[in-house]
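Below you'll find the structures, each written out as structure tokens.
One chain, subunit A, links the two complexes that follow: it is found with subunit B in the first and with subunit C in the second.
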Partner chain A sequence: MAVLDEAPPWLGFAARRLGGVLLVLTALVVITFAIVQLMPGDPARVAAGANATPDQITRMRHDLGLDRSVPAQFVDYVGNLLHGDLGRSFHTQENVADIVADRLPYTAELALLGIVVILVVAIPLGMLVAVLCQNGRRRRLDGAFTFVTGFVGSTPEYVLGTLLVYVVGIKLGWLPVAGAATVDALVLPVVAISLGPVCTIARIVRRETAVVLGQDYFRTARGRRLPARRLYLRHALPNLLTSTLTLAGLLLAGLLGGTVIAESVFAWPGLGTRVVEAITQRDLPVVQGVVLVLGSLACLINLLIDVVLGLLDPRTLSGKAAGS
Partner chain B sequence: MTATRVRKRARPNAMLVTGLVGLTALFVLAVVAPWIWGDRADELGPSVHLGSSGEHWLGTDALGRDLFARTLVATRLTLELAALATAIASIAGTVLGTLIWVSGPRVRAVGLRVVDVMISYPAVILALTIAAILDPGPKACVIAIGVAGCPSFARLTANLAASVAGRDFVATARLLGVPSLRLMRRHILPNIAEPLLVLVSVSFAHSLMALSGLSFLGLGVQLPDYDWGQLLSTGLQSLYTNPAEAVGPAVAIVLAGLSAGFVGDGLAARAASTSGNSAAVKPGSRKASASAPVATGTDHSVPDDAVLVVSDLRVRRPDGTALVDGVTFHIGAAEIVGVVGESGSGKSLTAMAAARLLPGGLRAEAHALELRNPGAEPLALAAPGRDGAAVRRRLATEIGIVYQDPSASFNPALRLGGQLTETLRVHLGVSRREARERAVEQLEFVRIVDPEARLRAYPHELSGGMRQRAMIASALLTRPRLIIADEPTTALDVTVQAEVLALLRAANRRDGTAMLFISHDIGVVTDLCDRVLVMYAGRLVEELTAAELRDGHARHPYTKALLAATPRLEPDGEADGKLDAETGDGLLAAIPGRPPQPDERPAGCAFADRCAAVLPVCRDTPPPVRVLAPGRTVACHLPETGAPVPVQAGPKAGRHDAAVEAVG
Partner chain C sequence: MRRVSRKWSAGAGVAAAFALVAACTTGGTGSGSGSGGASGSGGGDAVVRTAFTSDPKSFDPAKGDNLNDYLSARLLYDTLVRRDDGGVLVPGLATSWSSTATSVDLTVRGDAKCSDGTPLTASVVARSLTYFSAPETKAPAAKQVFGTGKVAVTGDDAAAKVHIELDHPWADVLFGLAMPQTGIVCDAGLKDPAGMAAGKAPGTGPFTLQDAKRGASYTFARRADYTWGPRFAVMPQGKPPASLVASVVGNESTAANELQTGALDHAALTGPDLDRFGSDWASTTLSSSNQFVVYNEREGHPGADPQVRQAVAALIDRTAYNNASTRGKGALLTSISDETSPCVLKQPYKYEGMDAATAKSVLNGRKIRVLGLNVISNGAGTAYLQAILKDAGADVELRNVDLATWASEFIGNQGQWDLGVMVNINLSATMTTPGSFMTGDSPPKGRNIGGTGNADYDREFLAALGTTDPAQHCAHWEAAQTALIKRYDTVPLSTVPQKNVYAKRISAVTPGGYSDLALLWVKG
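Take a look at the complex of A and B:
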């Protein structure tokens, strides 16, 4: 029956999503805290450096608070986080918060541009192929699309990146292959991280579009003899976006992982290159800080996708399963 | 409703085969490469950073070692690590999923939620975290990637277990008191092996790429060991001097990933096809259907005021098989014509052809298929090619369509108001305000309370009956000349059915709208319509007035069988003992056998196998279509079906009278 006059559905939706976000953030804090606790060996020895005397190590242990009980350390850790204090690098003694503030914009720039490129390219591409190939028409185009997207989609970003560096950067000399000094230095890294997801998501869109085109409500819309643009944009797009985003959400959040790796290919001064450096140096506070920030970013992307989904499909707000 | 046949194709799965061949080759290589090329791969050469040559296909590295050999030798370590990580992910994940599933509903809900959150967390970042804890190196990376892959397996196991657990044999085992864990091991895991296998191959591909990625970053395999990722990272550094150095490992990573991915996709495709979901249209096999020898009289009885004229309509599949085979009829002004038949009789396709809305791939041919309008040219409904804007406008405004399933026929993502007013706004340029006012007026006509609020609602906020009434309002909005209603009551329950029929009748009386009403329910059709067409296996077998049908004057054995199988709709509209409204299966239960498939229709009468009165001639000679009177035809070999009809039963005799009072 009609349920028109109950509590606004978005309230429950917001509560559920907020709960999820808090859960992830709590888990992140616990995990990053555990990095120091779980590491085999003595963090204080690592922090004090290879040539430290036992005395220095003891002092370091005290300075880091490692001589206190685990719960007390955890309380300290959370307290510091709430004050925006992420600790200091073992190596450079820099403030980790400063390192993050310094590097985050580069990674965020790359990842956000990547997401925009992916959505802007993959959705029209997938829809176009689906519309052109509906009812088994243009089988050759369909086959070529499936083959190329399958091939590129399963090529990891570091391989694509290496290829791009060689072809576009070295052979053709069109674009810079390393660093972030100029705007055009962005092009290759963005292409490298988005090409694979573009292919994978275009395939999803192609499949989901085909599903929507076969739905009864789409036949109803065809029965209204709407112009093609209105037909596809208004009656197909919102519905296929719902299912596509649900599936592609994981890929978009996973894009951060690809970014971390791709940064190394292009010597991009973001969080990725920094965390790799920190891991090889066993610079734990930096690792903790960066993982925390990257994790929160992933959580933010997931949240954004959920909100967009809620806006697109009124049924997800009320928590009902889509479809009949 | 298409009669397109679902066929399983026993085609060898090319993807699976390719993938398996690729993976097998890689595994063989992993075993033999270190023995064959091991020495060569470690042999220091005099010439360093050599480009590609006949001796060194991929050149040499900084120490003069042959890169081709190194790439081949690295296969073993790369695959080993990926296999280990996959093993960790699948075993730990399946165990985790099992634990979640056996631990009771409350824990299960929370557990699944946590697993979902874990899945949405990027695996590479998790792997970096674990690598940081454990000290960089292959061991840390394998554990990291393995752990990162766990949640997918856990979710799949838990979900599949839940779906299998709903099946009968598991319920029985549970009734017998088989403990959860044992149930899982003995009954459930074997049943979900296939999807798990798909995930294993996908996971292997992912692990391989992620591990190579970590080695590429310098966090995985450490020198002097080397895997593909490690080789690629060295290759990247010497990209300027010897680009061939990166080629080997890059190609190897892509090929391995592709092969494993192919196996996964291939397995998934196979699973999907064995569960019988491919509605593939049979290619080739141009089996021209035997056309009816007697073209039903062309325009013998079409009155001047006809709204829809259908003459010798055929609807064909791409392979040429006719699903609707030579149907001729017309609908006069303000007339309600019903088409009745079992599913697969072609009645819905006839309706969709008349609406110029056939499903993709099917095409309509007809001697004439047109919508007539005194003020304009007849509108051809079977014309090939695209429609121009003017034709589209006439189609949209002169034909109103009421679809079968109201819950699926509105777009779930759009508000009702936008959908109802769309035709007015797009085709007639009516302003938003006026369109809404007219929509409200029609919603009031179909007795929807608080129409303004309904216009702002989404379809899922309305009940099924309300949605179908809104659909009728939508069809009426442009004051069409013809309404085509395709089984509009089939998906509704009995009381709502009566309401919807009453509304259609009221609309017919208010606007004089002609109607083509499709149903499998001969009772409903008799009740609502003026004239009735009975279809069987793509052809019209009888045409008669509703009054004749009511008075027991049906002559064709199939019509009689339909009537005998249908409990009559009582005059007060209380339909007791309606058919199984969903499918009309009640008919099939009552008339033994099934109609022949479109490509298996016999040369003679298609009903012969099920006909109680079958004659020898029926088997190989198509029954002649006998026109007994205008609007009174029958296609049967039985001599008595051709007897002259009593004079009073003209096409419009008895119109409304009984029918209107029946539900009104």
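Take a look at the complex of A and C:
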């Protein structure tokens, strides 16, 4: 115990987090394997197609290894995964790894740009409103901010997307309404997926900032008559980033797997629409592969956020909650 | 102060990393564009932009089983004959032909070439059709084109003749050879099936696949050496484009938006968005598919009882079904095909027999499982059927499923269903295509999805396929359709209209009532 207590905090932190990541990845592998076992119907029949004869279905079952015992199938599955083999689509016979490689960059592009926009807009906006409205000043501004962010934040993504397409794309003709062929085609989908989270995070930042502004250390810093920029950027911002970044990490993981509506409205060729298509076609290898990749990414993003939070606030390394 | 500075640096580093990754991926996408052009003025006159509703499953024409496969097959592979308006066949890769009920002879044109420069000979055609008809190819349309018996195809290069011999009568073979699935593939494609499925094999059609971005777009380039091609009674004005870009747009409203803003030159619409394009837009309304009731007539199913079938027929208000399924935009069918089939019944369908009260008493307490397809108005038509059956006191279970499930459970007869609505894309415009679903062996050996056992229909069906005389052929088909309706084996419902809308600069024709992207030309 004494050795552990004396170990650098990063060591325990890394051990805990890596253990957690391994546990989640193992669970993901087991769950994705179980998809095929638990789905109703015969996957071999689906893979062979509606016109397949019983002989062809039997051959397909053998080719897919479905006539082997479940443990043997699991060993094969894990072995293939370790070789980067995610299987083949029942529907198109493509390598699932190729499908992921084709589609993931589009989804990542949308999600990463979305999260950058969310952070770049929401943090300054929330801080600005908190600073302007501190100590009960500018009540109208505070009310308008609360109303607008509440209203826009609760508006469904597909409504925002459709409105943007109608006004900016069709009526004004300023931007392409769909497609991924040009850089300007990114603008509307990014705005559509960002607007809601911008409002949510701006409200959180506004509340966290208000708390920070009331802290003793901040009043002390203010008493030293530091320039406003230095005061807010160096003394306020880092202390409200913990909850904001945690939420941003969850948002990014959600955006990677959940931009289905935006992808559909804007004909964006991402993973979300592909996995929905695979689900409706009962294309199990594609569903398995995409769930595995997205789950792993979500896991890695959370790990990355933990590391960043550890850098920002070393108290989190020991597992203690960051206080104000 | 130092500590705060380090924290801020870390945060800024993360943001910069996000921005860098995003910038890299955005740059990649941007540089990958080009021919598509997203704005109305982006594309030059030589490029025509259209939309696929999803990725083609395979570019091997024999493997095609959905509309996007058929559309791309037309671009990459020519067929031996083509169907024009009024059911007339016109030359494709064959210049002339003759047929009996069990054989077809065709003369292959001499100037056609594969896109790799190899000449298209009679033996190449024979090998292509042999591949299409072989059971191991598992071509979904093979039985539709050649029937369920054996096929032998031979080619005589010296005489440029191809001979097709069947061991059973199937008089509609020539019309089957007009279907895009029978597109003639070259030897290089047969040697490389994977390459052919990916669109990389040489073809015989007017375009080659230049670029494929799955989920995003497909670019087809017009072949410079393509000097043949079908001549229909009416051809588009202007000239064919140098290239054709098909974006993958799954959401019909999005396709309509792109059409309206000029990002697309053509889109095919079936839902409410077609109302956005009035008379100021050039358009053609086609029948994309035909809907009719099929009962599972096998032992143990309610449809095995003729009284149940008659009762269901008595209660269906076809106009109400059409309103639910197509918002009233479809045309009511007279039989199991639409008016593009030359031998379809001319007189309107009329139900005769049981009154509504008796029908309800027959259906009261019966367990009926209805299977529908969710892609047609989200299954509103079958929801209507559910409502009338429930109103009659039946215990109704409705499942509206996706296309793949429907194909497996309904067309493949692998599911539990009692009553289904057939949604049939009749690419050959023959009666044989829908008619073969009502006779013969059950799937997978045959195509009889409901296990229909109508002796009169079976006899007339075989008689129709046993003659190439047009008058006799149609007479038998009319008798066959009447037999189906008389025994309540089906209730004809409605067409599913598809409105093809075109930008002003596009001239298009739809010979035979079907869309062909190679016939989207640029005016002037």
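One rule holds in what follows: the second predicted complex is superposed on the first by the 310 of 324 C-alpha atoms of A that agree within 3 Å, B and C clash if a C-alpha of one lies under 4 Å from a C-alpha of the other, contacts with A are read in each partner's own complex, and residues count from 1 in each chain.
By our rule, a residue touches a chain if its C-beta (ideal position, glycine included) is under 8 Å from a C-beta of that chain, and two chains touch if they have at least 3 such contacts.
None of the values given here were measured: they were computed from a predicted structure.
By the touch criterion defined above, A:266 lies against subunit C but remains apart from subunit B after alignment on the C-alpha atoms of chain A.
Residue by residue along subunit A, subunit B and subunit C are tallied for touches, and B comes out ahead.
Of the two partner chains placed by the overlay, subunit B and subunit C both lie in contact with A:312.
Contact with subunit B, but none with subunit C, is seen for A:163 once the two complexes are overlaid on the shared chain.
Residue contacts after overlaying the shared chain place A:216 against subunit B, while subunit C stays out of touching range.
In the superposition on chain A, contact of A:224 is made with subunit B only, not with subunit C. Of the two partner chains placed by superposition, A:172 touches none, neither subunit B nor subunit C.
Of the two partner chains placed around the shared chain by superposition, neither subunit B nor subunit C is touched by A:82. Taken together, the two complexes place residues 162, 165, 170, 234-235, 238, 264-265, 280, 282, 312-313 of subunit A in contact with subunit B and also with subunit C. Looking at the complex, you find that subunit A touches subunit C at residues 45-46, 49-54, 56, 91-94, 99, 102-103, 105-106, 108-109, 112-113, 115-116, 119-120, 162, 165, 169-170, 173, 176-186, 233-235, 237-238, 241, 245, 264-267, 269-270, 273-274, 277, 280-283, 308, 311-313. Residue ranges on subunit A touching subunit B, taken from their complex, read 1-4, 20, 23-24, 27, 31-32, 34-35, 38-41, 134-136, 150-151, 154-156, 158-159, 162-163, 165-166, 170, 215-227, 230, 234-235, 238-239, 242, 249-250, 253-258, 260-261, 264-265, 275-276, 278-280, 282, 284, 287, 291, 294-295, 298-299, 302, 312-315, 320, 322, 324.
Residue ranges of subunit C in contact with subunit A, taken from their complex: 1, 4-8, 10-11, 14-15, 18-19, 21-22, 25-26, 28-30, 32-34, 36-40, 42, 54-55, 57-58, 138, 140, 197, 213-217, 247-251, 253-255, 257-258, 260-261, 263, 402-405, 407-408, 411-412, 414, 443-445. Interface of subunit B with subunit A (complex): residues 113-114, 117, 119-125, 128-129, 131-136, 205, 209, 212-213, 216-219, 229, 232, 235-236, 239-240, 243, 246, 250, 253-254, 257-258, 261, 265, 281, 318, 355, 357, 359-361, 387, 389, 392-393, 395-396, 401, 403-405, 407-414, 419, 422-423, 426-427, 453, 457-458, 460-463, 466.
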